[in-house]
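Given below, in the form of structure tokens, are the structures.
Here come two complexes built around chain A, the first alongside chain B, the second alongside chain C.
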Partner chain A sequence: MALLTLQELNIDFPDKNVVRDVSLELDHGTTLGIIGESGSGKSLSGLACLGLLPPTARASGSICFNGEELIGMPAARLRRLRGCHIAMVFQDAGTALTPWSSIGTQLIEPLCDHLGLRRSEAKRRAVAMLEEVRLPDPKSALSRYPHEFSGGQRQRILLAIALAAEPELLIADEPTTALDVTVQAQILELLATLQRERGLALLFISHDLAVINQIAEQAVVMDAGQVVERGSVRSLFHTPRHPSTRTLMRSIADRSTARTAQHTDDSAHQPTVLSVSGLSAGYPKPRNGKRVLHGIDLQLRRSEIVALVGESGSGKSTLARVLLQLIPARTGELQLLGEALVAPHAGSHRRQRARVQMIFQDPYASLNPRLCIAETLAEPIRFHGLANTEKELAVRVAELLEAVELDPNIGSRYPHAFSGGQRQRIAIARALATEPELLIADEPVSALDVSTQCAILALLTKIVHDRQMAMLLISHDLDMVRGMAQRTAVIYRGELVEQADTRVLFASPRHEHTRQLLAASPSLPAPL
Partner chain B sequence: MIAFISWRVLQAIPVLLAVVTATFFLVHAAPGGPFDSERQLSPQVEQQLKAHYHLDQPLSRQYVAYLGALLQGDLGPSFRYPGRRINDILLQGLPKTIELASYALLFALLCGIGAGLIAARRPNSAQDRITMAAAMIGICMPSFLLGPLLVLVFGIYLDWLPVTGWGQLPGDKILPTITLGAAYTAYIARLCRAGLLEVMNADFIRTARAKGISEQAVLRRHALRGALLPVAAFLGPAIAGLLSGSFIVETVFQIPGIGRFYIQGAFNRDYTLVMGMTIFFATLLVLLNLLADILSAWLDPRIRMEYRQ
Partner chain C sequence: MKLCWPRPSALWRDAGRRFLRDEPATYSLLLLLAITLAVIVGPWLSPYGYASQNLQIGASAPSIAHWFGTDPLGRDLLTRLLYGGRISLAVGLLATAVALVIGVSWGILAAYFGGRIDALMMRIVDALYALPFMVVIILLTVSFGRSMLLLFLAIGCLEWLSMARIVRAQVLSLREREFVQAAACIGLGRGAVMLRHVLPNTLGSITVYATLSVPNVMLLEAFLSFLGLGVQAPHSSWGVLISQGVEYIEIYPWLLLFPGVTLSLVLLALNVLGDSLRDALDPAHGGT
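== the complex of A and B ==
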């Protein structure tokens, strides 16, 4: 008998049905992936297995665990199953731990509650658990607080908490999405090891096919609340049958291949837009007494996209801030179109600021919710005096919206009326409003669904070429960079350790860290 | 932590100096003086009085002399209560005011946190709406209206409780406590409700529930501190407000605290009395805000970390 059986599971909110007729089976000690875009109902299906749906949601159908029906089970009995037999780890390890309780308290809690252990015994178990998830110095970790750990370490702690009472089933909902590639690789490996050693059944939910490919053989594809297709990850990727699986797999493949055509563009003869040499920068109170950036040399030409890749904390965003003149450079030279970048408040600073614009990661947070789209776009135009009359301004705003392939008549609406992809288009239009020479895009698509990502990346590429701008693309996503950038620079601990033509860098990485990044990056399924 | 506290104490010095300076020149700039009254004094007597209190000297010299005395902890003599020092007036009334404020605070904390938790347990239910409506009325109701109303109902119609005094009759402390504490109860209830509702939506509450611990334990071990953090931050200003805002309640219930001296001092242009009170309350406010910050740091380890940097 299967450990977990979902039969015609339906989840309804008062106004709509979000999960429809989902059926799946999971055996003892096996792994099943669930892949789908946001809103496909994959997370809710996972939460339903723990009886943790939001209060307004209602589940119907059947969720059978170890021969027991979970839907309609009394709350007290369900609570005993939770943690003890079924455990779950969540996406954002940064917020998933109670900030004011020590790690020890949070780990010991389920042990005392479920297994009835005494505190001293529970403490011994907790240390053993932390050792098992390979957290450094597990004894002293017990008395420390979540904010004292890195993202990867917190995810390890969450795993330890989930596995402490030795459950048979672990549901992992995007457990590595918020992590760097190298850390992601470590966590995935840890999950696989724990799964093998403990004979866990693992339900692995993710939007990322490559990640699922690392951990599961079998997967189901969810779309709009339904399971549309199931099978081995390889056959799902290479021979998808259902139309929506086909669309999804095509966009996944497109991310790394479709735009490689423009690599043939010869930008070597184009004039230099940005030239950085010997740059170092840091914050007033340096962490570990170190400067964040040192010895940065970088050139960007017209119509060129240069990728900057590195782990979190490597200095990517700091470099972006220096280029935007938000923080000053300590040493080195910065030139924009042959003109030295000046400090804020100097005479020509305002004009220079118009020439460098930024596109941020999260379009849900980067647009002011109280300004309508036209106001958001008009503000920089007005500030930099780029339109003389109100009529001219309105024309400029409409042009910008057309440039990002949006209906020019949406100006009176507010950000909340738009989807993530549309918002990112608006954010791009905002960046273009001052007619910049250099665009800095900091993880421009990582908050978006795969199918939307492709469209936004294609739009960015088109804009850079049509307007002959330069773009610095900051990302940790090597797959995306490969399809997008002519050149790639790898930043590691504040230094550019390697810089080369993207194809060359991916084919024959020279620096040790580049090799690590490439090895850690999860790969798509091998051909059948 | 020690570095943080000393830094904050140092920061308080310019704040207090600004308060002293502003108050000094403002009270002196107000029309009239301490010896103006219905009964006209002879110019000679007034001259002597002014000379006695050094009011005939230039303002700048008075200011320097006042600061000098202040540094030695002397708030000067009262102009309207001959022979009494401001320090003595403060010390005499303070215990009653502090007692009243403490009871009011205790009442506000117990009822406020209780009401906030009850309301937040079932958001948008009847228990939530009724509690929050009561809280809104509590915030809106001024104490000069609430006090007499309570007196009317409980003191006169029902004849359950004494209508005035402090510590003379059994139960005479109840009505002043409620009158003073009501607005703060309501405010704390709203803060506590909002804090708990926010925390209950946090990811770590979902993690706690996924562990399968009881809902009681989720609330007590994981959510409660989040609900108390905004309350803790409000405590500093609340205590200062309770102490300095007690004069209306003291007047309504005829309690001999320091509040009424403040009002009388201002009406009588009793310069030193107004200054002394203001400086005393300003110091209190600064200290209490510091205490509230320390309390927040104790509740939330993340704030502790910020101090260290």
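== the complex of A and C ==
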């Protein structure tokens, strides 16, 4: 008999139905992936298996765990089950640990509580668990606090807590989404090992097919609250049957196919837009006395997209801030179309600001909620005096909206009325308003769904070529970079360790760190 | 010719539209306007003076001649209520306005400059917070005598402290948001970023705090008057009338009823108004 059986599970909120007739089975010691976009109901289905739905949600149908019905089970019994038999790992390891109690407290208490162990015994067990999740120096870790660990280490600790009571079922909801690609690879490997060694049943929820491909053979695809298709990850990817699976898989494949191929060759003869040489920069009071960036040399030509790839903390965002003249460079030269970019606060930098514009990662945070769209777009035009009359201004705003493929009549509405993808288009329109020569895009699609990602990436490519701009694309997503950028630069601990033609770099990486990144990047299913 | 810049935001126009769609708030505003008008015009129309006594009738129940009855000295309650309303509303609105102006600018400037200036400005706020309010008021009254102006100043000076803290905290957290960075990328100076992007996003908390502050101030005035530090006889205010009404609650209940109901209505209307203003200023609320 299967360990976990969902039969016609429905989850309803007072105003709408979010999960409809979901049925799936999970056997002892097997792994099942659930893939879907945001709002597809995948996380709620996972939460329902733990009886952790929000209070306004109502579940009906059947969730059968080890022969016991979970829907309608008394809370006390459910709580026992949650601690001992079913465990969960969440996406954000940063917030899933209580900041003010030590790792020991958070690990030992559930052990005493659920397994009735004595403290000394629980402590031994805790150390053993931390060893099992490969946390360095597990003994001293017990007395340390969550903020003393890195994101990957915190995710390991969460795994240790989840697995401490030896559950039969582990539900992992996007456990690696917030992590760097190399750390992600380690955590996935750890999960796979633990699953094998302990005979765990693993329900792995993710929006990322490549990640699911690393850990699961079988998966289900969810869309709009329903399971639309199930099967092996490979067949789902290569021979999708359901129309919505087909759309999803096409978007995933599209991300890495070369969108820029037809433009690659002519950019070599284009004039240089940005030239950076010997740049170093840092913050006024560095905590460890180190500069964040040193010895950066970088050139961008017209109509060229150059990717800047690196892990978090490698200095990617600092470089963007220097190029935007938000922080000064310590040494080195910055030239935009042959003119030196001056440090901020030095007189006539207003116009220069307009020549470099930025597209931010989170479209939900990058638009002022109190300005309507027309005003958001009009602000840079007014500020730089790019329109002479109100009428001309309105025309320019409409043109900008058209350029990002939005209805030009939406100007009077406010950001909250738009979806993530639409907001990102508005943010792109704002960046274009000052007619910049250089666009910096900092993870421009990582907050969006896969299908939206493709459309935004295609739009960015089109804009760069139509308007003959240069774009610096900052990302940790190698798959996306491969499809977008002509050249790729790898940044590691504040230094550009390698830069080359994207195809060359992916085919024959020279620097050790580039090789690590490429090896860690999860790959899509191999052809059937 | 360059376009004028910046231009008043469409936020206010849209907020006005959203506000007018909110019926309870519109009625509250009408009620407040009616009461304000009544306290301004009413005393002139009344046949009685606010201090003219009629010891022959003494305390009489509401009648055709005296709609709200009279107090034990035979003074017409309606006239005194309208007259007292002038003082109460003036104290409430003026002190809140003082608090708004000082508090908001203090908070924004502290957050804008940051560093040592911020620390200094906020320590001044802390120091003023630490002073026992009653002692300050008593000292002020003792040294400058009793005057209404002093009352405004004293209450206003107390109220702005919380406002400054609220605004500063909001500005500090808003400053880190991406849309503020985006504004800096466009090239806007720090002042323009503050005015166009940061300040409008603090309006929600400011309006709510301001409307909560008006009743606070009115109650404070009543309390001070009750202690004999605020409004003095024969002048009156709603607070004074209520405290007198409490004395006679068993024999002349109308002396408490009418001032009490009036004050409650005003406070209720202000709260409804504040809530609705906050919602109206938030585009995400109720759609466009």
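Remarks
The definition used in the following text is that the second predicted complex is superposed on the first by the 522 of 528 C-alpha atoms of A that agree within 3 Å, B and C clash if a C-alpha of one lies under 4 Å from a C-alpha of the other, contacts with A are read in each partner's own complex, and residues count from 1 in each chain.
By definition in this document, a contact is a pair of C-beta atoms (placed from the backbone, for glycine too) under 8 Å apart; a residue touches a chain by one contact, two chains touch by 3 or more.
This is a predicted model, so every value here is computed, not measured.
On the shared subunit chain A, the superposed partners chain B and chain C overlap sterically.
Of the two partner chains placed by the overlay, only chain C lies in contact with A:375; chain B stays clear of it.
Annotation for chain A, partner touching more residues between chain B and chain C: C. Of the two partner chains placed by superposition, A:120 touches none, neither chain B nor chain C.
Contact with neither chain B nor chain C is seen for A:409 once the two complexes are overlaid on the shared chain. Of the two partner chains placed around the shared chain by superposition, neither chain B nor chain C is touched by A:56.
Contacts of A:99 after superposition: chain B is touched, whereas chain C is not reached.
Look at A:383: by the touch rule set out above, it reaches chain C but stays clear of chain B.
Looking at the shared chain after the overlay, A:358 reaches chain C, while chain B stays out of its contact range.
Once both structures are laid onto chain A, the chain C stretch out of 23-31, 131-139, 167-175 or 257-265 that overlaps chain B is 131-139.
Note: no residue of chain A belongs to the chain B contact set and to the chain C contact set alike, using the contact criterion stated above.
Those residues of chain B whose C-beta lies close enough to touch chain A in the complex are 202-204, 206-214, 217, 221-222, 225-226, 299-302, 305, 309.
By the touch criterion given at the top, residues 50, 52, 79-84, 87-88, 90, 92, 95-101, 105, 109-110, 113-114, 145, 147-148, 158, 161-162, 165, 285 of chain A touch chain B in their complex.
Note for the complex: chain C touches chain A at residues 1-3, 5-7, 9-11, 14, 177-179, 181-188, 192, 196-197, 200-201, 203, 281-284, 287-288. In the complex of the two chains, the chain A residues touching chain C come out as 324, 326, 349-351, 353-354, 356-358, 360-362, 365-372, 374-375, 379-380, 382-385, 387-390, 393, 412-417, 427, 430, 433-434.
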